[in-house]
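In what follows, chain A forms one complex with chain B and a second complex with chain C.
Up next is the complex of A and B:
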């Protein structure tokens, strides 16, 4: 990880110095344990602020939308797929970008770590594949794989799919992973249980829209929840309106979502709204053999028609 | 102001605590921290339900006990066969008295800051003032403040009595209660808590707790700065870059009070309500004409910090509009830290002073 950061700084400083980009978008060290802050660097001298560790979970593709500058961007596997999606959807041009690829070894689930220790966390250190959590007079060590975010546990695209530079050799990909065990569990429920499952899932949503705003796919100039003439959705804490928001948002991400996990990571209430998007991701894979953002040549399934598209739903 | 009472300290044993709360429920609606998934929040306590008193602060603040996220203000009917159709009828605000149990001194202090907005002589807001007046605040002192607590640098403290009617301090199964106001005295009486404590350990425990607070903000230079200089300072692009413009900071903040008024009609029955709003949202300032005076996120982020750290203290000649609970720091998905922003503002020197 340390070598990643050094290489990121070196490449970023070089890009800025040679005036190949106007800014580099990356992460700087956060003020709390297990937190880094997305940032932009415009001067080569500031490139040493850039960091990389297992707390860079926010998807940086979100910060590219409609920007006009020439941008260097640090991209792990999921970020790179969302960069491709952004290019397909005309939210950024490939020529504007210099992509510094990071082979990703997975991001830490901050909440999982906090809930696994019974002390206030003062410092978290990563050493090889260990995560050492320190409090005042207490210490606990985890294997990194025990405290990964759920989407990282089942990730099959940790290496950037598009890049101009790479900070290290690609990492091995775990192809044997069962990506959809959790989705099948919900699919197998009867309709009452499933309804109850989703009701519980969303019961503490405060409609802060952190999930939407962190999502690189959610760039609509006016989101449907903000439409007021006419108003599409109520704004109170009414459960139907809250569900309406989550259902519609998920469907709007169908065939576009890369399961980057930003939505779940940023939720202040710890809601796993990936339960929705992953089901749609599975459907896209099964029906259209589609995984979002792997290249820029293929059109996404929901904006293209193919005579061989499955039509079993037509009765 | 609330009537002050001669300081009295009561000892409440474990059984008396539960029994007392149960007794109170015949007279008061009780609110307290209760488990909610992997966190805990302020909710109305069910009959016999005990508030969680042995964990840290709640994820969201206690403001919802007086100022819920959605609050109906008026009801109306569109049914023209009814005599009062199309007439707004204010909801009954003279509800049952309520007591908020186990709120931390930071949350208690927040009501005092928010009060300046809702309970000002010019425009008293009955929808906030009535529930506030009907509330008795039974605080729980913090013996184990979290690493992001900085109440002591914004005029508060882990044993601060500001805004409280009773202050509790726990040691094991025994709770000591310091009765601060007449309201607090009435509540203690109604609960049947009347065993005088033999010693006053509050000062001692306060000193120990205050020593544990390591986080702080420095706002000492802000008062003397020109608001326009800060407004146009070249600091905001960097501060705001990471911001997602979600409402997490504002919704979790005990001192954020902004709301949006909405009408909802189902069939012929309508209600007018207010919902928490957030200055982080573009819609917050969007005008009917389509013009938006704060169209980009830098402006919205600047507004939040300027309001809390500059406009509010200037307007009310007070300390900052922040009680140091640390929630926005803990919950911000992109780690924007009010301590750092305050430091940047506090240290900012304009290149050419306009004054």
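Up next is the complex of A and C:
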């Protein structure tokens, strides 16, 4: 993974030095283990702050919305698809961007790691396919495969779909995954059980909106949950309001979500809110053969009409 | 809606032109009947 970081620094410094971009959006080391944070580098001399490892789960496309500068951006598979989505939705122009593609080997779920050890984590090191977790006087090694985020376990587009530079050869794609086992499990429940499933899922939500803020699709200047005139939803953690928030947010992401997992990565309560978006993602695939952000030519399903669109639900 | 546990018969979609009075009546009757059969909504209702 080190070579990725070196290559990213080298390419970023070069872009800034040659004045091809005004800034590069990437990751720098966070103050806690397993929490790299997004950053914007504007001077070639600062490019060595940029890092890359398996803790870069936040989607950087979120930082592009309505920007006017010329931007270099580091993009893994899912970021690149959200960059395409931003371009389709007129939130950024392709000409403004220099995309530094990163063939992705998956991001780790820090919650999985910290729940699997019984000591306070001081440092996490990666070596090849191993993740070494260190505490005071303790150490435990995991296979990276064991601690991947759930969305990365079933990712079929780890290679950037659009890029100007690549930091390494493309990685092999694991096509042999069952992407929707979890959604099917819920689909097979009866109505009351499904209701209860989502009730339990959201019971710990504190309405901090970290999931929304990290989402590259949630770029509305005023989100419906923040409106007060009219106030669409109550602001407290009332179960109905909380469900209203998650349900409507998921709908706003229909046909746009790339299952990048940013929302789950940033949730302080460990809530699996992808259970909502993934159902819609599955429906888009099954009904419209649509996967978001694969190119900029095809119009998204909610923005185009086809007489053969399924309409059995309309009486 | 159905996926998150709202009863199947509570939500209806229909496309009725302003000229289709009979269809309108049929659909409304059907909607009313199926919702009546379900009884008052208990899910997605804010208490008090």
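Odds and ends about this structure:
Simple rule for what comes next: the second predicted complex is superposed on the first by the 315 of 315 C-alpha atoms of A that agree within 3 Å, B and C clash if a C-alpha of one lies under 4 Å from a C-alpha of the other, contacts with A are read in each partner's own complex, and residues count from 1 in each chain.
Just so it is clear, contacts are C-beta pairs under 8 Å (C-beta built on N, C-alpha and C of every residue); 3 or more make two chains touch, one makes a residue touch a chain.
Everything quoted here is computed from the prediction, not taken from an experiment.
In the superposed pair of complexes, A:209 makes contact with chain B only, with no contact to chain C. Of the two partner chains, both chain B and chain C are touched by A:234. In the superposed pair of complexes, A:276 makes contact with chain C only, with no contact to chain B. Looking at the shared chain after the overlay, A:315 reaches chain C, while chain B stays out of its contact range.
Touching more residues of chain A than its counterpart among chain B and chain C is B.
In the superposed pair of complexes, A:153 makes contact with neither chain B nor chain C. After overlaying the two complexes on the shared chain, residue contacts for A:194 are found with chain C alone; chain B is out of touch. When the two complexes are overlaid on their common chain A, residue A:247 makes contact with chain C while staying clear of chain B.
In the superposed model, A:48 makes contact with neither chain B nor chain C.
In the three-chain superposition model, chain A touches both chain B and chain C at residues 234, 238.
Residues 30-32, 35-40, 58, 62-63, 111, 115, 120-122, 203-204, 206-210, 212-214, 226, 228, 234-238, 265-270 of chain A touch chain B in their complex.
If you check the complex, the residues on chain B that touch chain A are 36-39, 41, 56, 59-60, 69-70, 144, 146-148, 238, 241-242, 244-248, 251-252, 260, 262, 264, 273, 275, 278, 281-283, 329-331, 333-337, 339-340. Put simply, chain A touches chain C in their complex at residues 186-187, 191-198, 234, 238, 240-241, 243-244, 247, 276, 279, 313-315. On the side of chain C, the complex with chain A involves touching residues 2-8, 12-15, 27, 30, 43-47.
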